[in-house]
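Here's a structure for you.
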Amino acid sequence: MSGICVVLEERDGRIGRISWEALAAGKLLAAQSGQPVSAVVIGASTESIANEAATKAVNNVIRVEHPLLAHYTSDGYTIALHQLIEKESPTAVVFPHTYQVRDFAPALAARMNEVLIGDVVAIGEGPVFTRQLLQGRLAGNYRHQGSGPCFVSVQAGAFRADAIESGSAEATNFTPTIDAAQIRTEPGEPFRGSAQTVDLGSAPLIVSVGRGIKEADNLPIVQELATALGAELAASRPICDNGWLPMERQVGSSGQTVSPKLYLAVGISGAIQHLVGMKGSQCIVAINKDPDAPIFEVADYGIVGDLFEVVPALTEAIKAAKG
Amino acid sequence: MKIIVAIKQVPERDAHIRIDSSGKWIEESDVQYAMNESDAYALEEALQLREKHSGEVIVVSAGPERVGTTIREALAKGADRAIHIDCNDLNQRDALGVARLIADAIRPDNADLILTGLQSDDLGYGQTGVILAELLGVPHATLILHVEKTDAGLKVKRELEAGFFQEIELPLPAALTIQSGGNKLRYATLMGIKKAKTKEMRVVTAAALDGAPVAVLDGIAHPKKQRSTQIIPGDAKQAAATLVEKLKFEARIL
Amino acid sequence: MTSLSATLAEPQSFSLVEKLLFLLLVAASGVLFWRRFGPILRKILHSRKDPDFHLSPIGRRVWDFFWEVICQAKVIQQRPLPGLAHAFVFWGFCAFALVTLNHAAVGLGIGFLDPASWIGRTYFYLADAFAIACAVGIFGLFVRRFLVRPRWLGSKVSWESGFIAGLIFVLMVTYLGAFFTTDAAPTARILWWIHTLTLLIFLPLIPHTKHLHLVLSPATIFLSRDGFSQIPPLVGDEDFGLVTGKDLTQLVSLQAYSCVECGRCSEHCPATNTGKLLNPKEIILGVRAYLNEFGPASDEQLLGKHNSQEAVFQCTTCGACEFQCPVGIEHLPIMIGLRRGAVNTGAWENDYGGKLFNQLERGSNALGISALERDKFIQKTELPIFDGTQEYCLWLGCMGGYDPKGREIIASFARVMNYLGTSYGVLKKEKCTGDPVRRLGNDLLFQQLAEENLKALAQNKVKKIVSICPHCVRTIQEDWKAYGTPPEIEHHSEFMARFAGRLPKQKSDEKVVFHDPCYLGRYRNVYDEPRELVQLSATLVEAPRHRERSFCCGAGGGLAFLGEETGERVSHVRAQELVATGASTVGTACPFCNTMFRDALAASEKPPQLLDIAQLVARGLPPVAPTSNGVSKA
C-alpha cells in the first residue's frame, strides 16, 4: 500500500477549483509521509481534463475511462473507483467534498469496509483530520484506524488551490469492467430551477436593500452590485410596500425566509421582522451608515458608511476580483 | 409501499454546548434534544407518499432511552410503528458502524423504500443513507427534494450545486437521503400524540461495539473563532477591497 | 280627561265566550311559543356539559346579574343613547310583569290589583312612567334601526324587528290609553283586547327572533365564566376543542342562542374594521345556524359549515367583542375553541403557522432565532443572571431577548430598576411562554412550553417575575395555571407605578398619546398605571378609542407570526388614529404593539417618535454614575 490518490471532478469541461484544493490536501498528506501523488480523472473521455491535471506537480495522472461513465452515476463511479483502488492500493484517497462525492464516496468506502472522513477542514500531523461538528460550533479531530485506504473529502476553501506548483506528469489509462446492468439509476440532464418566479429561498447569493436607499431611482446601484455578484436582489418590507420592488422579493416575517451563503444587506437597519427572514444565512454582510443599527448585531462583516459610496466601490472591487 | 425512515435525535440548535470531561463529547445533561431537521423532512416525505399510495411508515432510531421522545413525536406526526435501537455509545461508532446497526434492525422488514435525512445536525457525517443502500444492496440517490412513484419505481428530484437540479429514475427497493425544504413540515398535534400512545414501538438492543471503529473521534474542541461582527475600517474604496478579500479567503464565498 | 287622578280602566266583566276565546288564544300562543322554544332549550341542555363550570362564587354571578342585567350597565356604558333607550324598554318590561299578570287575571275575572286601591293606583302610575319611557325608547330604537341605520346592525333590513317594535309600542299605548277611558266604556274593552292580542302575538315571536335574548340572556350573563377570555381545559383523550357538534358545550350553545345581533362586537373588531372575512357576530350566529341544522349531537365538522376556518384564524384575540357583548357571550373561548379543533387535529394548514409551530417544537423562541443571540444581548447589556438571591426575575420574553426594539425596552427598564435599587436577574435560558400557540389553539405545544418553563422557574427558585410584555404576563399568570403554579408576576408598568413617587418628575408640554395594549387593558384591567408614568414627564393625550375601547395593533392571537394580512393593515389604521391626535410621541407598553407601530408609523408623513413607558421613564433618570470599580452599569 502506497501513494495518495486524489480524485478530481470535472465541472463545465474543466477541473473545478475545489478539486485543486483537494489536490493540495493530497499533497499535504503525501508530504507528511513522503509518498507519491496520483491525480485521478474519471469519465467516458477524459483527455482534456487529464491534460489539465498533467500540468500540475503530480507524480502521474490516471484516466479512468469507460463509456458507461459518460454520465455520473453512483453505481458506475463506485464500481470503477473500487477496481482502481484495489489495483493501486493507495494509503489514502482524497476527494473534494462535493455533492457528487457525497453521493458515492460513503458507499465506495463501505464496500471496502472503510469509512469516509468527510468535509475535512484541516489536516494535522498524524494525520489528524479536523471536521466541523454541531454546525460549526465545535471542531472534531479524527484518526483513521482501518486496514485499508483512508478515504477523505475536503471542504471547499479549506486548502489553497493556488499553492500547487505546476509540473508535467504522464497519464496512464485504466479501464474498469462495468456491466450496464450494474448501473441501477438513470440520471436525467441537469436543469435550472424554475426561472419564472423569484425563488429567493434557494438563491445562494442575495443582495438585499432597505430604507437606506431613500428613493426608487437609487435602486440601480444596488442592482449593479447584485449583477456583479451574480446574486438575486431582495428587499425589506418598506421597499416592497412602496412598490419599488415586487412583493415576491420581500425578505422577512411577512415575506420569504432565506438562507443563502451570502446575504448582503444594504441600507437595512434590521427590524426583527426582517431579521427572522434572513438570520439563517451563512455569511451576513451589512452596509449601513448608522453604527448602532441592529443589523450589525447579526452581521459577520460590517461596513459603517454611506451606501452611495460603498456600494459602487464594492461593485468595482467584485468585478476586479472576478477578472 | 412500505417505507422505513431512519431518524436521529440531536441536540437542539439553541442548546448550550459544553465539552464533557472526556473531551470527546458534549455534556449531555443540560442539553435538550429534537428530531434532526432533514430527518423531519424525510419523515414528511414518507407520510405524504403513504397518503398518496397507501402502505406503512416505520421509523427507526438509534440512541439511548431519551430517543423515545423523538420516536413518539414521529408516531404523533403519523408514522405507523417504530423500532428503537437501544444504544448508549452512538457517538463512538462511525458512520459504517451506525449504518450496520440500522441495516440489521430493518432487514427483516424488507421495505420498499428507505429514507434518511441528508445529514445530522450534530456529527454531520451525511453518510448513513448511502451506506445503508450499500449494505442492503439497493440503489440510492441523495439530496432529494421531491419523490414521485412511477410504474417502474421512482422518479426523484435531486439538488445539484449552483442552483441546478436533476431528475433520477431508479427501481424499488431503494434508499434516498432527503434534503431539507422540499416539503412543508406538518406540526405535531394533540390528536396525533394521543394516537401515538397505542402504536407499536419495538426496542432492539444494539450489538456491542466490535473493536475500534475505522474513523476514531479523538477529541472535540471549540473552534478558535466564534462568530462575531468584524467592522471593516477605511474609506469606501479600502473597505470594499478588504471585504472582497475576506469574502474570498475567510468566508470562502466568492 | 287628562286628569292626573285618572285611573286605569279595566273591563268589569267578560262573557263566557270571551273568556273561552281568551283561554284558547293564551293556549295557542303558549303552544306556538313552546314549539319553537322547546327544541332550542333541548339543544342547549343536550349539549356537552362544561367541564370547568362551577356555580361558585355565586356572589360574583349575582353582582354581574344585578349590574349588567338589572342596571343594564354595560348596555348603557358602551352605547349611551341606544343603551338608555334599551334600558327604558327593559325596565318597562320589568315593571309590566305585574301589570300583565293582572291584565290576564282581569280577563278571567280574577284581577288582583285594584286600580282604585292606593296600592294599585301607585303601582299603575309607576308603570305609567315606565310605559312612557318604554314607548319613547322603542320609538327611538325604531328610528335608529330604520332611519339612522348604523352599519353594525347589518345590511339586511329586519322587518320582524320593526314589527316587534310596533307590538311593544302598541302594548304601551294601549296601556296608557286605558287611563283615558272608564271601565264601562267600550273603549276599555277594545283596548283590553288589543293589548291582549298584541301580547299573545308577541309571545310566540320571541323564540323565532333575536328577541330570544329576552328569555336567555339573563341566564347567559348569570352563568358566564369567571374572568376574561377563559379558555376551558380539555378533558379526556377525545377532547381537542370545538371540532364537531358534540364538542359544543351548554355554555357555548346558550350563548349562541342568546346573541341579539346588536353588532357591538363587529363595531369594535379590528378584523371586521379592516375588511377581513372575520365578523365575530357571524361566528356566533354560525354556531347557532349549525345547532339549528345539525344539533349538538352531530359529527359534522363545525368549520366549513356555517363558519369558515379562514375567518377564525383572522382573530387577533384583542377581546373587544367579548368585552363589548351586552348579553354575556364569551367570544374568545369560542374562537380559540374552533382554532383548537382545527390545530389539535392537524386540519389547519398554514405555511407561517406551521413554521411557527416547528420553530417552537425544536427551538426556544417564536422568532426562530438562536438562543446564542439572547446570550450575547445579556452579556452586552450586562444584565445580572438570576441566581435565587434576587427579588425579581426579569422575564425577557421573545421580544425582549431578540427584537432590537424590545431589547431597548429591556435596557431602559433595567436602568429604572437599577435606579430604584431593585435586585433582579434574568434566566440563563428562557422559552417562549407559549402565548402565540395558546391563542392559535396548539395545546400540545403550549403544554410543552408551559411545563418546561414552570420547571425552569421552580429550579431557579423564582418567586416574583416582572415582564415588559403583557402577553407573557397574561400567559404566565392565567394560562400556565393548567399545568402548575406560576410565580407571582406583574407588568413593568405596574411595577414602576408602585414606585412612581421615587421616579423623577419633569413638567413638559410634550404630548404623548398612550395606546392601551389589549393584553394589559381588557385582559388585565391595567389602565391608570401607564398613564401615571406617562404623566411623570409629559402631557397625556387620549386617542378617540382608548382604555376599554382601545383598538388592537394587529399582533395578538399569534397573528404577528402569520404573515401579511388581507385587506387594510390593522396596525396602519390604529397608527393613523394615534398620529391624528397630534401627539409628538406614541407611548406603548407592549413590545408587540411597538413592533407593529414601528412600520405603521413610518408610513405617515411626520411620524411621531415611538417609546415604551420604560423608555419614557428612563429618559428622566440621571446619567449613570460609575460604580465602585469604575465600570459603569448599563
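Just a few scattered comments:
First chain written, first letter: the chains are A, B and C, and each begins at residue 1.
Throughout what follows, a residue touches a chain if its C-beta (ideal position, glycine included) is under 8 Å from a C-beta of that chain, and two chains touch if they have at least 3 such contacts.
For clarity, every value in this text was computed on a predicted model and none was experimentally measured.
Look at the CA centroids: the one farthest from the centroid of subunit C belongs to A. The interface carrying the most C-beta pairs in contact is the one between chains A-B.
For the pair subunit B and subunit C, the distance between mean C-alpha positions equals 47 Å. Subunit C has its Cα centroid 57 Å from the Cα centroid of subunit A.
Put simply, the C-alpha centre of subunit A and that of subunit B have 21 angstrom between them.
Multi-chain contact residues of subunit C (touching two or more other chains) are listed as 370.
Counting only residues that touch two or more partner chains, subunit A has 297-298. Of all residues in subunit B, those that touch two or more other chains are 13. Within the complex formed with subunit C, the subunit A residues making contact are 211, 237-238, 241, 253-255, 257, 270-273, 275-276, 279, 294, 297-298.
In the complex of the two chains, the subunit B residues touching subunit C come out as 12-16, 34-35, 37, 40, 73, 76, 184-194. Residues of subunit B that touch subunit A in their complex: 11, 13, 17, 19, 26, 94-96, 99, 121-127, 130-131, 133-135, 139-143, 159-171, 181, 212-223, 227, 229-232, 235-237, 239-241, 243-244, 246-249, 251-254.
The residues of subunit A lying in touch with subunit B in their complex are 74-75, 98-99, 102-104, 106-107, 109-111, 113-119, 128, 131-146, 156-158, 184-193, 201-205, 229, 261-262, 282-283, 285, 291, 296-306, 309-310, 312-314, 316-318, 320-322. Across the interface of their complex, subunit A is touched by residues 355, 367-370, 373, 376, 399, 402-406, 560-561, 563-564, 595, 598-599, 602-603 of subunit C.
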